[in-house]
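The structure that follows is given in the form of structure tokens.
Chain lettering (A, B and C) follows the sequence in which the chains are written, and residue indices restart at 1 in each chain.
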């Protein structure tokens, strides 16, 4: 039986990370959390998370960057906003999940074939290029990158969609793609590294 | 009453029946609908996970285009509805963000002032058209149809502008105006799993299954919903649910489809045949 | 030259003192330079600097100089008048000088504490001192007015706070009128079964005090009454009280309750407010058997006789004291009192405002007050803890912090809920044997023997789950959950999300100000905090005084509070009232305004402006008249008067203009 040492020393806290979280939109009243746990109680996904939303907030404000960015929690968030509505301190928990997702993608901290960050990245790429997303192509792209088996098991669903006329096969795009590209390019990136 | 229509990517694909039934119903109650010119994807939850400012600029482009025509937008998809509204709020409250986004839109030749409103079709039907007018237009009330009204999360959270955040009733009222009965149930606004049903089915599938199970238990014949992703999650994975949990076999329809039938429109023009779980029997057996 | 000398001789002799205030002033201002400069000003006979003017030696210095140098005016340049104006006025009086021949200059908060440039600050101090010296030469001798204080007291609110204050004052020999809105005194405490941390029976400790109030020769008890109007000022209040009609003569009814049995309504069918709606009552009723005064009352909303005039009135027939009077009208009574104690208490948070907890939707959800009535042996179920349909619960969940510590409802902690939740856990378990779960965020047990009470509960096997419940729902995920109310919560200490099925849910609702707190505080002319509780004069040093002299507050009307602290505060308020009354008089500051009758043109502009309603208009003389006792010296009338015929003591034109000229003339 291998024992794991679970103690945390002050060096394990990244205070800069904690300050960064508080400085982002959505993180401004993070420090006011009283750890009541209603966010975790109302979150329909919390039972699957390694760190519940409440615990993640605690880790984030102390600066346990590795635990926070490497957690499943931020990827399992479905953005249903139930936590934000119930929070007695009106903390923007969903927005905090978004900002942590962005930081994790930026730093490349997620399991390589983990579908959700890959989905986000591919989605963004498709939108940037076409202005619209073709669901079929996106899903195919996603599964081919992450999980061949899953892809094969989805054929049933795919056939159903084709049968009912709900599958869009031709790629869709906006007319003024250059206009969109100009708009998105005009934003100075506040990221430290570009999305790979 | 003129409005701009923002379909979003899913109403052109997996949510096709929603577009069909919404446009048919809108015409039947006298709304003039025109698709927003050269609309782009709203970004949904995915883009916000990658880049915050670009996400708002992406959504902002749609708002800026709508401002040219100075008409309100109707966004039937919950996610689009939320993203566009959230963009309006964020650009109003955060000066720095507004500066960046307005500058970026200008680079594309677009102006943003924040003047158009983004509405939900339910909001427009209840508040602009009115239940009395709708009741007067109903030709074939759907008696003996019991529905579980499922609102999903993003229509009521975090902004609840036209209905109660914890116990919404607008869709129930509309369905009752169509002659149907809505069963009381506690999961009206519980998340269906969103995109997780496809990406992390170990978690997502269960969330959708819970809704179907409870609706069935309460005596409903079908779930009526207002979001294309919710409809897809509840409708499209019932074979996987049968393997993992139990056989469900429960139809999931859009409120515009139910209303359309009550207004005398045909099943095919409302896209009823597009349900993966056939809904025709439950809906027609009610007439 | 000789003119100047004469002028100089004609000026009153001024004594000037500049304080170092340690380094507070001397650290920035060159006090020696100021002292030297002022010594050369016209009229200044003595000019000194000293380390701490407010100290005993400093004050003695002033008194000695006044006598030795025959000083006629006094100026001290030091800190804020808020701190030491009174000190130096007393020092002047000690030296035999009228205290209002004194002017204070603030060179600390106005100069040394706000500037870093030492040279500029010193110049500014010199300018301010020069202005004060010029001003004080125009001061006139004034006297503080004394008004007598009426020794009677009004106590508003008959809960434990009002009861205790009234008894304390009455025992001191004062005549007290206790006015209570409900038909009986006792307040919220009369609803409780047992009280924490001792588990004393609430009625057993309260009823003797209620009885003492009723029988005390110095207390006039007016229940079913409300204060309509308050006029006057400290020591001299005129209060109008509205006495609502009970339709029963209070001095004849002995509370035998035969009338209630005899009522034409055979069954009780109206909502019983005292029992929180869990029980029913008839139109003629009494809140509870120990109600004080023990007199029944008739509800005009539900009594057939009062609504239609057509009833056989079997209640009146059954009364052998002939106490019924269906024509009784409301009465207005007037009181003269010197002090008022407000002890109007609190209301609980409306649990229906949290839709997640299902109050009103699920019959198994109760508020804490409803449970208090259930566990009470004289309650609607004789102490049986049962659900609304009569079933016994096997599991009960108590949710803390409902309507407290929440930005969406009330931000504050209501202080008593953790303790009463522990108490209810104990009582529910004792009466029903059910499994009890307490869902809390923090366990707050700050009082004497409170932590020990928590420890006792831990030993009783109550389940303590640290986590705020997100919802109460009848959605079942397992066969065990069918037919139950399921609470979804994160057990933060264990580290899992849990679903706990129970039969009964108890919402520990927080404390809020009364619904009409704003109206009431305006009627008494006191302040309210942003949350709506009555405003104390100072949160630490003056918790029972208000900013209105003569009006005191006690108990939960000021902030959420438990019984021990409420009783302590009630005693404190009584003591403050006694200190006012026993002094016998109140001294009023003479900085009041008066009208120069010959110059008043009768335009009435000043009358509506006075915030203290101190100005009236004499219709015979057609002149405005200021009541100097009500006047607080705010100066609005003096500034507004178009003919300049209102003069305010210590702020008349000569004094103000000379101060201005003093500043400007370098």
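In the analysis below, a contact is a pair of C-beta atoms (placed from the backbone, for glycine too) under 8 Å apart; a residue touches a chain by one contact, two chains touch by 3 or more.
Here the structure is a predicted model, which means the values were calculated and not measured.
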*Chain at maximum distance from subunit A, centres defined as averaged CA atoms*: C
_Dominant interface by contact count, named by its two chains_ = A-B
*Hey, how far is the Cα centre of subunit A from the one of subunit C, in Å?*
52
_Distance from subunit B to subunit A - Cα centre to Cα centre, in angstrom_ = 23
*Would you give the residues of subunit B that are in contact with at least 2 other chains, written as numbers and ranges?*
none
*Indicate the residues of subunit A shared as contacts by at least two other chains.*
82
_If a residue has to touch 2 or more other chains to count, which residues of subunit C qualify?_
356
*asked:* Under the definition above, what is the set of subunit B residues touching subunit A in their complex?
replied: 9-10, 12-17, 38-41, 43-54, 57-58, 61, 90, 94, 97, 100-101, 103-110, 153-154, 157-158, 165, 189-191, 193-196, 198-200, 202-204, 207, 236-237, 239, 273-276
*Report the residues of subunit C in contact with subunit B in the complex, numbered from low to high.*
355-356, 473-475, 477
_subunit A residues touching subunit C - in the complex, by the definition given at the top_ = 34-38, 40-42, 46-47, 52, 54-55, 82, 86, 88-90
*In their shared complex, at which residues does subunit B touch subunit C?*
164, 166-167, 185-187, 210, 214
*Could you pull out which subunit C residues touch subunit A in their complex?*
356, 401, 405-408, 441-442, 466-471, 488-490, 492, 495, 497
